[in-house]
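Each of the two complexes below includes chain A, the first together with chain B, the second together with chain C.
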Partner chain A sequence: MSPRPGFVLEVDRSTPSTLFWHGEGYRLERLPLGSRVLYAPEPVDALRDPVGAIRQALDAPMGGVAPLRSLLRPGMALTIAFDDVSLPLPPMRGPDVRQLVIEQVLETAAEAGVDDVVLIAALALHRRMTDAELRHALGERIFDAFAPHGLLWQHDAEDPDQLVHLGLTDEGEDVEINKRAATSDLLVYVNINLVAMDGGHKSVATGLASYKSLRHHHNAHTMTQSRSFMDQHRSELHSSNWRMGRLIAASGVKVFQIETNLNTDTFPEQFRFLQRREWEWTARDRAAFLASSKALEATPDRLARSIFHAIRAPHKMTSVQAGEVEAVHERTTENVYAQQLLEVHGQTDVLTMGLPYICPYNVNSIMNPILVACLGLGYFFNMYRGRPLVRAGGVVIMSHPTPWAFHPGHHPSYIDFFEQVLAETTNPAEIGKYEESFATDPWYVHLYRTGNAYHGVHPFYMWYWCAHALEHVGSVIIVGGDRAAVRRLGFKPASSMADALEMASDVVGPDPSITHLHSPPLLMADVR
Partner chain B sequence: MKGLVFERNVARFAASRLASTLGGSGRGAGIGPLHLTDVEPPELPGPGWRRVRPLLAGICGSDLSTIDGRSSRYFEDIVSFPFVPGHEVVGTLEDDDSRVVIEPVLGCVARGITPRCAACAEGRTGGCERVAFGHLSPGLQIGFCRDTGGGWSTSGLVAHDAQLHLVPDALSDDDAVMVEPTACAVHAALTSGVEARHTVAVLGAGTLGLCTVAALAHLRAPSTLLVGAKYARQRRLAEELGADGAVEPDQLVRAVRRRSRSLEASGTLTGGADVVIDCVGSEDSLAQSLSMVRPRGRVVLVGMPGRVHVDLASLWHREVAITGAYAYGSEDVDGLLRRTFDVAMEVVASKALGRLVSARYPIDRFEEALAHAGEAGRRGAVKVVFDLRARERHRGTDPSTKGPVS
Partner chain C sequence: MSAGARLVSRARRLRPEGLPWGAPTWPSSVERGAPERNLGADYDTQWTRRYPARLARAVLLDNVTRPLAHIVASPEVRGEEVLELVESPAIYVANHASHVDTGLLLSVLPARVRHKTVVAAAADHFFDRRWKAHLWSLVLAAVPIERHRVNRKSADDTAALLRQGWNLIIYPEGGRTPDGWFQPMRGGAAYLATRTGRPVVPVHIVGTYRIWPRGGRRLRRSPTRITFGTPITAAEGESARRLEARIDNVLAELAEEARTDWWTARRHAGRGETPSARGPTASPWRRAWALGPDPSDTIEDETRWAVADD
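Let's look at the complex of A and B:
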């Protein structure tokens, strides 16, 4: 039976309460009659033979590229870069798709007699992965074959000896990327595509770039000109990456892009109710919801966080394509849209969303207030094509505990950003004056290079990610959040959804139209 | 004539300490060694002494420590019981109604000691080596000496001419009562080695902290002045008085780190502030000060510390200087030797420090007053004072004031 398409429900008297994520927990909310609830299409079917599909992709690449085996020869330098810990979400059950793909690439390379192979985690300015995370992503065999010999690298955007400046785009953008990757005879990039923003030229031009390069597109101006950054044809973020990617290719860097689509099967059986439509919950789903809700109420935050971050998603690969970057990415994006797009007619006055415990930047970590804002206003708000789900001047209501809490090892500069920068201004266009000092702060650089810290500038990027939404909406309300933290973000705290809706009516008037973005699974609204 | 008298009574000390532990600073006033009683005006100790009628008398952190039974035993030999507390005083001279503030340190001149000790000879009366000697009973200041009386009394006190400073008409009573704590702050600002190029961190934003911020901004204008303040109103006031940034105390180390672009090792900044001024005086504040001062920098203790347990390894390794800043006397101001109180009056006027007086209580409501002072920060207050002008009102000079006023 093929998966069911997405669905727009109009709340009526018989509609059961709607499930909202609420950090390391969830809430049932009764939305007003007439509200719309957007349900994602069901996860598409997985490939029956993923390894076979990978081999097929390597043997029959797209975009006029020769099969991988014909690009390999003894004595060549081969670099395999791969997406970092920020994908997929939650981390998938082993074997991770990166492991499956890289094993096939390495096998092909071995058959061709290639022995100069380096693996690079394409961190950009993300935190370094731990050994455990690398083992999970690559599998024990690859990790043990490369890491002990110093052949498993993590991209270091602050090591001048590891970077090479390839030139300027015709828009004057610096293109500076990892030297080993750029000077190898072949660069294979192994990507995981979960949302439409991922992949394409962004893989190399962002994942292996330096701050000098990234600052050209990771800024407030670019993000407000990306409508949305999930729609690459209307995204200045992507335009900039595409210019850089083409310059990288023109510089002689040979990139063999491998992109994979995963399905949206996000949670294991015991949490399956999360991605079911509430009126279809079985007695077992209800029991699981009640049992886990009650248990979480009595669970200390730290333990609850550990429980959720231990979840391994049953994601499965639905397609894999390899070859020339743009040709590959076009197919990948089609697959993402086929799985996630939901046609929605008309914008809404009020957009509600429940935010989970995880986003790309807090895997095995704390979802701090800046990341809460980024997940809601950066990611979820931008999950649209055409027009935003919420009208200009409308209200976004997010549900999340938003604790005033930070992981000091992963997000040290976030703490300072929250204490210093957001205390002064929450306007993305105004925070830029602090960016340089954070980006070059020697302590943050040290922690990024030697610890597991996000780069000093990273919280700015998270706030820039919110720029489009902050410019577009009239008000942002967080339900059930730490009031001081919510206010520091510049948002309004509400103790209940009813209170939030009442507050929203002050902005958009009485009897507003309300739309709830239900997740999981992920969906992308095609707003007509 | 009513006054608050502090007596030596071990049982009451213990009761006060317990009450302040359970209920907060100042809560032991009703059961401790302090009591309201009829007080006779003190005798004039000798020539050159005058009677002063207090108008306003402040409640200081050191007063609260004493009342809470928490002050160091170090002070036992340099106070004399029973005494009337109150050393932050604006009053009028009984002789001619001139309005004066008291410089309460009982140095060699007040004690009739000749020749003066080395410190007094240099004008550093705060460093007087003879505060337990001479014709007066021991007492480092008025307000801790049984012979002089203190500000917390309607019967008045006695002060030597050398301790009197006329108050200009431009200063209100509220301004004037802030002169003494401001003088402490001026002394700290001028002796802490702060230069214009320095980054300075001030920890604590009670009366002394805020006065120190004002004094530093007015007299030294360091390139960066950061303040750690527990309460929002304190942070706002610190910025109004000249701080470049005021943050919660636990954020101050990070703010200093950002400003100095330091790294961190062993829980200590590798760089840090050139000078840290600790206006709290606790074990935690001293440890925090040491963690954010730069190597060869200086930690200045302005808040009165007691017995503390602090790891001094970083002080040794980083060659940090730790110094106290107590009271006042004379200061070298740009090459000129000036009385600290004169400079303090300028700072008070310039920064309008009378605004820090948050509440005024009549003496018979001393328990409320001390409880208020003990939790001033939390209640949005800074300086709590006793208002002793009721007698003046009977004389028709000030019909308007009703206490407490917050």
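Let's look at the complex of A and C:
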């Protein structure tokens, strides 16, 4: 049976309670009559023969590029870059799609007699991946073949010896990327596309770039000019990356882009109720919900976090395309839209959302308050095309425990950002004056390069990610969050959804229209 | 709390009450794939109007339901004299606050009416499982009504029953009130009245919301008051929409009468000042606040007429 499309449900008296994620847990909330609930399209079917599809994509690339095997020759330098731990979410059940693709690329390279091959995790300013994470993403065979020989690299945006400046774009943007990637005879980039923002020129121009280059588009101005950054035709983030990508191509860097679409099958069988429509819950789903939610209530936070981060998503590859960057990305984006777009008529006064335990920046880590804001206002808010789901001056209500807790190893600069910068201002346009000091702080640089820490500037980027939403909405309310942490973010805490809706009516007036973004699976609203 | 009390409390918490404990209900705007045959509005209730079922129901009503209703709800009936004037079959139109309403209303109707009455019940709620359909159609003579969409079969079947001499109890709000205030009325009752020409008897019930409100977990004893209004008959050529508005007004007047007295309610009605029974347009807590102390608290203490002071 083909997957059902998404739809907009209007809550009536027969509508059962609606599931909201709440960090490492979930809740059932009753939404007022007349509220809209946006249900995502069901996950599309997986490719029956993913390896065959990969081989076909390598043999018949798009955009006038020759087949991969004809681009490979003995004596050449080949670099294979791949997306880091921030994708997919949650990490997928093995074999990871990166493993499947890179194994086929390496098979082809081996047949062609290519000896000089280096693999690079395209971290940008993200934390270095652990060996276990690399093993999971690449598989044992690749890890054991490359890592012991120093041929499995992690991009270091702070090593001047590993960077090369390729020039300035028409807009004066520095393009500085990984030297090995830029100077190889062929750069193969292996991407995972979960949302429309991923991929395209952003893969190389961001994933393999330095701070000097990234700061041109990772700033409050770009974010407020991207409406949304999931819609490439109206995204300044996209435009900037495209300018850089074209300069990279013009500089002689030969990129062979491989993009993959995954379906939105996000949780394994025992958690299947999380992505089912509530009125279709079977007795088994209800039992699973009750057992897991009651057990989680009695579980220490740390253990609950470990349990959730151990979840491996049953994501499956739905398509793979290879070749010239822009041609490939156009097809990839079409596939993302075909899977995730949901037509919605009209904006809403109040947008509600339940935030889960994970976002791209806390895999195997803590979802700290800044990441809560980024997931809700940076990602979920921006999952639109056309107009934002919530009207200008409207209210966003997010459900998450928002603990005042940080992973000191992964997010050291976040702690200082939260304690010092946000204590002074939460205005994305004003925090820029502190950016340089965080970005160049030697201790943060040291932790980024040698440990598993996000770059010192990363919390600023997370806050910039919220800039469009913060400029657009009238108020942000977090239900069930740590009150002090929520207030530090500049938001309002509420103890229940009913309280939050009451508080929202102070901003948007009585009897507001309410829309709930039901996730998972992921959806992107096409707001007419 | 004693161990026994704790056990009882935990057992109560285990009782199904919507998600996640009970099976989920189905939003009315969502189409169900391949519905189970002979359920919902398609359920055939003909067997419940045959004599064996009627006899069983009469025994149950007179020996179980009525005594229970009097124990739990201590009903005080006002305006029952109008029932003598009503020519059966009639359409009894009441506000709806609790599952207790039907049993209570049947208990206070005269026997000749009580044993020849069917009850319009939500097809999606009372007839969604086979055991529920059997149970409610036998015990209450429930007939399935589609409340969220227009269904010609529901309307035709119910009109046919009226023509066959069966009285009908119907709750035009389409479901129990979530907060104690009236909800907007739907046009089914008025449509049936205009179509069949049968009289509409407006009934106001107060106090049952306290006994077992929507979402309530246990039954509480509390006094109730049932007020019958003057029967309404559709005028020649009167539209269902216009009749619906009249019924709505009369129910609001009865609500005021239950709160105050008949004369106050009549005077306000005469001046067009009957307060809305739908409550203020405000947040949930303000609507709850505006309900005031539960009216049933004062039913027994209330003095119906002045007593001369010696």
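Here is the rule we go by: the second predicted complex is superposed on the first by the 528 of 528 C-alpha atoms of A that agree within 3 Å, B and C clash if a C-alpha of one lies under 4 Å from a C-alpha of the other, contacts with A are read in each partner's own complex, and residues count from 1 in each chain.
Just so we're on the same page, a residue touches a chain if its C-beta (ideal position, glycine included) is under 8 Å from a C-beta of that chain, and two chains touch if they have at least 3 such contacts.
On a predicted model such as this, the values are computed, not experimentally measured, just so you know.
A.B. asks: Look at where chain B and chain C land on chain A after superposing the complexes, then choose clash or fit.
C.D. replies: On the superposed model, which is not a single observed complex, chain B and chain C fit side by side.
A.B. asks: Who does A:Gln56 touch here: chain B (first), chain C (second), both, or neither?
C.D. replies: In the superposed model, A:Gln56 contacts neither chain B nor chain C.
A.B. asks: Name the contact category of A:Ser306: first (chain B only), second (chain C only), both, or neither.
C.D. replies: Once the two structures are laid over each other on A, A:Ser306 reaches no partner at all.
A.B. asks: Return first, second, both or neither, reflecting whether A:Thr425 touches chain B, chain C, both chains, or no partner chain.
C.D. replies: Neither partner.
A.B. asks: What angle, in steps of 10 degrees, lies at chain A between chain B and chain C when each chain is taken as its C-alpha centre?
C.D. replies: About 90 degrees, rounded to the nearest 10.
A.B. asks: Going by the contact rule set out at the top, does A:Ser251 touch chain B (first), chain C (second), both, or neither?
C.D. replies: In the superposition, A:Ser251 touches no partner, neither chain B nor chain C.
A.B. asks: If you count the residues of chain A that each partner touches, which comes out higher, chain B or chain C?
C.D. replies: C
A.B. asks: After the two structures are laid over each other on chain A, how near do the C-alpha atoms of chain B and chain C get, in Å?
C.D. replies: 31
A.B. asks: Report, in rising order, the residues of chain A that make contact with chain B in one complex and with chain C in the other.
C.D. replies: Shared contact residues on chain A: none.
A.B. asks: Which stretch or stretches of chain A touch chain C in the complex?
C.D. replies: Answer in residue numbers: 9-17, 28, 277-281, 283, 286, 289-290, 293, 498, 502, 505, 510-511.
A.B. asks: How about chain A: which of its residues touch chain B in the complex?
C.D. replies: Per the touch definition, chain A meets chain B at residues 415-416, 419-420, 437, 441-443, 446.
A.B. asks: Spell out the residues on chain C that touch chain A in their complex, using ranges where they run on.
C.D. replies: Those residues of chain C that touch chain A are 18-21, 23-30, 124-125, 148, 174-175, 178, 281-285.
A.B. asks: Please name which positions on chain B make contact with chain A in the complex.
C.D. replies: These residues of chain B touch chain A: 245, 247, 251, 254-255, 257-258, 261-264.
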